[in-house]
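Okay, so subunit A shows up in both of these, paired with subunit B first and subunit C after.
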Partner chain A sequence: MSQLSALSDAELVQRCRAGNTDAWNELVERFSRYVYAVCTRGFRLNEEDAEDVFQEVFTRVFTHLDTLRNDAALRPWIAQLTRRLCLDTIQKGGREQATAEPLAEDLASDLEVIDEAFTVREAMTTLSDACQDILDRFFARDQSYRTISDELDIPSGTIASRIARCLSKLRVELEGRSDPSDVSRE
Partner chain B sequence: METEDYLDLRLDDFLDRLSAGGQAPGGGSAAALSVAFAAGLVAMVARCSRASWEDASGVAAQSLAIRERAAQLARTDADAWQEATAALHQAGGEGADKRRDFELEQKLRRAAAVPLEIAELGADAAALAALVGEYCEGAHRADAAAAAALAAGGASAAAHLVEVNLAVREGDETLLRARASEQAAADAAQRTLASVR
Partner chain C sequence: MTTYDDERIGELLRFLPPAPTGWVEAAQELPVARRSLDEIVARAEADLAFREALVADLESTLALKGYEPNRRVMDELKRRFSES
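Our next item is the complex of A and B:
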């Protein structure tokens, strides 16, 4: 894990404001998957529109970072920006909405899932490499206990307990997180 | 060729389909759902033991992941099996065709890969059942044993389906892994059942 990737969002924002290029790269790296997921899985934009929104989001982040009132609220700010730009794109494209209500419900649910996944991914970076690895193998790569045992050379009978303990640590990390909601004026 | 999503059916509707004369759902789907039932039971027992066992929530989360994967495989297995049997019928036609033979081999191998995955999930579900059987509150130990037995049954059925697949030969890695999973699940079930007798 690089030093920058260990920084909190607020610390990263401070470095970006100070003109640190590596910090900017880290910011884009940290949020690129999230922005893209909101565009494609949340708003179901096509690849071209998603790419346009993606560029516009980070351009605006770059030019308006000073308007962010609470540095810890970087993610909600980026989320708000992305949603607004996605909606603009849909309106400009004149995409038809046969039934607005279910789409809005689906959208809210999809965005919630994306937000949750991103929160978990962020929290996972605070765990040890061993915990990150074993959780990724079991929950993301769907590896069996036997495969994990063979590849990591640890007794098969201890894997479920190891995963359970890593999950407990992840839970503590997630429970300790606040929900910064004070977003920028932009 | 795709089957309908069994997870959208009412339980009695699914059982009607299982009992009907068609090809799918068949043994693979039933094995997958046995493993899913087992994993669901493990999650229930773990959740009921949270007050006295610190790993309970983490074990429940793993069980739910296994349950979800196994349940999805009920349909995947039916699809793979139908594709393989269709390819087999086609291959029964006139003349040799290397491309057709290759495609048939691929489809049969896919039809073996799914039950292998079910067998491995069965072994994992049985391992979790053994773990919850050891640490859960006494009132739930019988459910843990039932989960272990169901998981072992699912693993054994799935391993058998791997074994009879025409693309799988003695000594194949797929078969070795299926048998190892079957054995691991059976051992876990035996331990768990013995502990409640």
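Our next item is the complex of A and C:
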């Protein structure tokens, strides 16, 4: 885990404001999956509109970082910005809606799950690099045991047990927290 | 307190696949792109001939002067100079 990935959101914001490019890279890395998921899974934008919203979110974060009054509120700010830009895109009609507009109930439910997933992902950063890597490969990147075995050069017969051990550590980490919303690195 | 079982954790992790690499890299290049944009705009404000050349043919002028802006910077420049 890099030193920057251990920083709180507030610390990251402060470094970005100071012009630290590595901090900006980390900020994008930290929130990229979340913004992507809100665009594509939550609002079900087509790829082209999703990419436009994705870039616009980070452009606005970059240009308006000075206006953020509470540095620790980065996550809700990005969440609100992403949702607003997705809604604007849908209201404008987009280029071509590749998928049906989500029903309000489905949307609320999907966004709730995405928020919870982000919380789990944040908790995952407390695990070892090896655990983060194998869980990410298996679940988020949908890699097979064989691919994981080939790429990490570990016996495929040990992958299931490694995943189980890492999941167990993650569960303990999550259950040690009083509320999922407390997980932000504050 | 929220309780999690391994299956639920796995489901949640599946909800956040990585964003396309190109999108992430483009967002990470924003500080550089912003500096490039600011430089071009400042030069256009200081140099009328450069500005007129940009308005007449943005892409060729930038290429001639050695600028290689990415798509978003190009879009922003088009927006700014088409309004002038």
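Basically, the second predicted complex is superposed on the first by the 117 of 186 C-alpha atoms of A that agree within 3 Å, B and C clash if a C-alpha of one lies under 4 Å from a C-alpha of the other, contacts with A are read in each partner's own complex, and residues count from 1 in each chain.
Note that in this section a contact is a pair of C-beta atoms (placed from the backbone, for glycine too) under 8 Å apart; a residue touches a chain by one contact, two chains touch by 3 or more.
As the structure is a computational prediction, the values presented were derived from the model and not from experiment.
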item: Contacts of A:W24 with subunit B and subunit C, given as first, second, both or neither; value: second
item: Subunit B or subunit C, by number of subunit A residues touched; value: C
item: Partner chain in contact with A:S156 - subunit B first, subunit C second, else both or neither; value: first
item: Partner chain in contact with A:V38 - subunit B first, subunit C second, else both or neither; value: neither
item: Partner chain(s) touched by A:R141 [first = subunit B, second = subunit C, both, neither]; value: second
item: Partner chain(s) touched by A:L81 [first = subunit B, second = subunit C, both, neither]; value: neither
item: First, second, both or neither for A:A164, with subunit B first and subunit C second; value: both
item: Subunit B versus subunit C as contact partner of A:Q55, first or second or both or neither; value: second
item: Overlap of the subunit B and subunit C footprints on subunit A, listed as residue numbers; value: 139, 142, 164, 167-168, 171
item: Contact footprint of subunit A on subunit C as seen in their complex; value: 1-6, 9-10, 12-20, 23-24, 26-28, 30-31, 34, 72
item: Sites on subunit A touched by subunit B in the complex; value: 138-139, 142, 144-147, 156-157, 160-161, 163-168, 171
item: Residues on subunit B engaged by subunit A in the complex (per definition of touch); value: 54-59, 61-62, 65, 69, 120-121, 123-124, 127-128, 131, 177, 180-181, 184
item: Of subunit A, residues touching subunit C in the complex; value: 19, 21, 24-25, 28-29, 32-37, 41, 51, 54-55, 58-59, 62-63, 113-114, 116-118, 120-121, 124, 135-136, 139-142, 164, 167-168, 170-171, 174-175, 178-180
